[in-house]
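Chain lettering (A, B, C, D, E and F) follows the sequence in which the chains are written, and residue indices restart at 1 in each chain.
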Amino acid sequence: MSENRIEKFQKDREHLNEVVMKYAGLSIKRFYNLDTQVYKDGALPAKIKEMLGLVASLVLRCDDCITYHIIRCHEEGVSDAELEEVLSVGLIVGGSITIPHLRRALAGWEEIVDNG
Amino acid sequence: MSENRIEKFQKDREHLNEVVMKYAGLSIKRFYNLDTQVYKDGALPAKIKEMLGLVASLVLRCDDCITYHIIRCHEEGVSDAELEEVLSVGLIVGGSITIPHLRRALAGWEEIVDNG
Amino acid sequence: MSENRIEKFQKDREHLNEVVMKYAGLSIKRFYNLDTQVYKDGALPAKIKEMLGLVASLVLRCDDCITYHIIRCHEEGVSDAELEEVLSVGLIVGGSITIPHLRRALAGWEEIVDNG
Amino acid sequence: MSENRIEKFQKDREHLNEVVMKYAGLSIKRFYNLDTQVYKDGALPAKIKEMLGLVASLVLRCDDCITYHIIRCHEEGVSDAELEEVLSVGLIVGGSITIPHLRRALAGWEEIVDNG
Amino acid sequence: MSENRIEKFQKDREHLNEVVMKYAGLSIKRFYNLDTQVYKDGALPAKIKEMLGLVASLVLRCDDCITYHIIRCHEEGVSDAELEEVLSVGLIVGGSITIPHLRRALAGWEEIVDNG
Amino acid sequence: MSENRIEKFQKDREHLNEVVMKYAGLSIKRFYNLDTQVYKDGALPAKIKEMLGLVASLVLRCDDCITYHIIRCHEEGVSDAELEEVLSVGLIVGGSITIPHLRRALAGWEEIVDNG
């Protein structure tokens, strides 16, 4: 995993979201709005919601979703130890099939922290 | 959903775990231990870990797992509003396919709160 | 499968949706609205959208979702032969693991057609 | 789990397969044939193939599929210890989300062995 | 996503299918035939079946399967607006976890339309 | 698939496991141990357990897991014909959505056998 994997991820994601918006009708646009709203501070702070998004992404085994929530967890101040516990819950719930994603999650985290 | 659905769930679960332990070798027993350890207070409190377990169970759509974590969330003092936000994240991540489980999750929660 | 399985399904679903609405915040309510909008006539007629919803539900193996779309497909005038082809695509894509759901889908369809 | 759960499963399965065949076109019929052929003795004996079918069913979390392969494993002479190891692999690969299915798998196995 | 992503996809797919056929026994060959048959014109036209294949591939989150059905949808005359509605149903059913695949689906579509 | 894909896979996997161990607490370490233990000779030989791991990985559609078990199956003396039958079971259980993974599995196998 090269040092600028996270940066490349963010550029690709931004470009591809523009492609989505070029074709998107009302339903897709509303879904995107909802997807932003649901992680905002509420009864639970954004930090916890990002951890929820991360564990859900890990057990569903979506690398892009994991990378996104890893970035957001770092922005919300999640510590190394907290991140490790979120991933542990995901590993036990989701099993060894999640390990390749766990590996890439932690390599992404290492890159973010080192470049932080 | 009858008023004693939660109680019946717990009895069945207890009985079936006895059947598992009758056949279980070392690997299954160690997995069960690990599954208990991972939700204990650590860098993150048990309350947050139970919310992580719940959202993972919702997106993976396992009713028994959801019921178990709903019970544990209640024991850890999760509020109605907090629970609703955990489930909202799961619904957005996992989509409408999670709705039947969301319905049963909230019916279970209602029963627990009413009998609390 | 008793003769009134479909009727029971609809009553339970209605009751449980009331429980959801008792607890639902804005995100869950908006998701429910979006979930209704997306199946309405547009560039594609509702009939095709219900077939899309059915095949998605079959490959994701959600009995309640399958039953709901089976009912809606019947209302939209899907024929026996059309339904069989939707389910065939789902079976090939999703594999033998979908067969128990395929069985229940067709038993539900038979009940709806017989009571139609 | 009542003593005749396995018997009921087999009757329901037989009845529902008749409903499937009532509606099935060529593709569904061919898939059913293929699904029978693939578990027959070949380079690997049927016994191993049934264990493969069981572990696949466990990690995909399909109770009916698990029950079917549990019955077939017993018919092919799989021992308690062999079954436990098949399920252990499934548990580690698939994680704690498979535990409710593991429980029901072993309760089904206990019933089959007791009635064997 | 480079301009020749679709072309590369088709070459790789062709090559890899040759590898499959080198090792394939009767079951795999029959499955491949069945997989071709099920999308042919029948009670439903091939166009609708390709849309069914696409939505199933989106909710199951398989990029290669999505790309294949995107190409076939274009060949069958699916319009931009129809495609967007197929993807919308998949997004609502499958949730935000499908978004990375939705992005790549639309980037692939854009490439096909631009090169069409 | 270049000739040294397997070698690259093993180096990346080794490096990423070091990253995991840098962050891992007791739960992740114990899970890793369990994941090693469960494939060792027992009532079932390691060869069968690797075939179980492979079919589970195929139906759950994890390329890295498939590659790992393909390598291990080769080490345990699984023949071409046996491998084909394991993959056939996975294909029938998991459906056409597994085909892209089946393709890469056999391309990996071909590389291993050619370099064996």
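To be clear about the criterion, a contact is a pair of C-beta atoms (placed from the backbone, for glycine too) under 8 Å apart; a residue touches a chain by one contact, two chains touch by 3 or more.
All values derive from a computational prediction rather than experimental measurement.
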Furthest chain, CA centroid comparison against subunit F = C
Inquiry  = Between C-F and D-E, which chain pair is linked by the larger number of C-beta contacts?
reply    = C-F
Request  = Match interface A-C to one of D-E, B-D or C-D, accepting only the pair for which over half of the contact pairs are the same residue numbers.
outcome  = D-E
Note = Chain centres from averaged Cα atoms put subunit E and subunit F apart, in whole Å, by 26
Task = Averaging only over C-alpha atoms, locate the centres of subunit A and subunit D and give their separation in whole Å.
result = 36
Message = Please tell me the distance, in whole Å, between the geometric centres of subunit A and subunit B computed from their C-alpha atoms.
response = 23
Remark   = Residue ranges of subunit F touching at least 2 other chains are 25, 27, 31, 34-35, 38, 42, 56-57, 59-60, 65, 81, 84-85, 88, 91-94, 96-97
Inquiry  = Under the stated contact criterion, what part of subunit E meets subunit F in this complex?
reply    = 13, 16-17, 19-20, 22-25, 27-28, 31, 35, 56-57, 60, 62-65
Ask   = Along subunit D, where are the residues that touch subunit E in the complex?
value = 25-27, 30-31, 34, 37-38, 42
Message = Show me the residue ranges of subunit D that touch subunit A in the complex, using the header's touch definition.
response = 59, 91-98
Query = So in the complex, which bits of subunit E are touching subunit C?
reply = 34-35, 38-39, 42-44, 48-49, 51-53, 55-60, 65, 79, 81-82, 84-86, 88-90, 92-94
Remark   = Per the touch rule, the subunit A residues reaching subunit F in their complex are 1, 61, 80-81, 83-85, 87-88, 91-92, 96-97, 99-100, 102-104, 106-107, 109-110
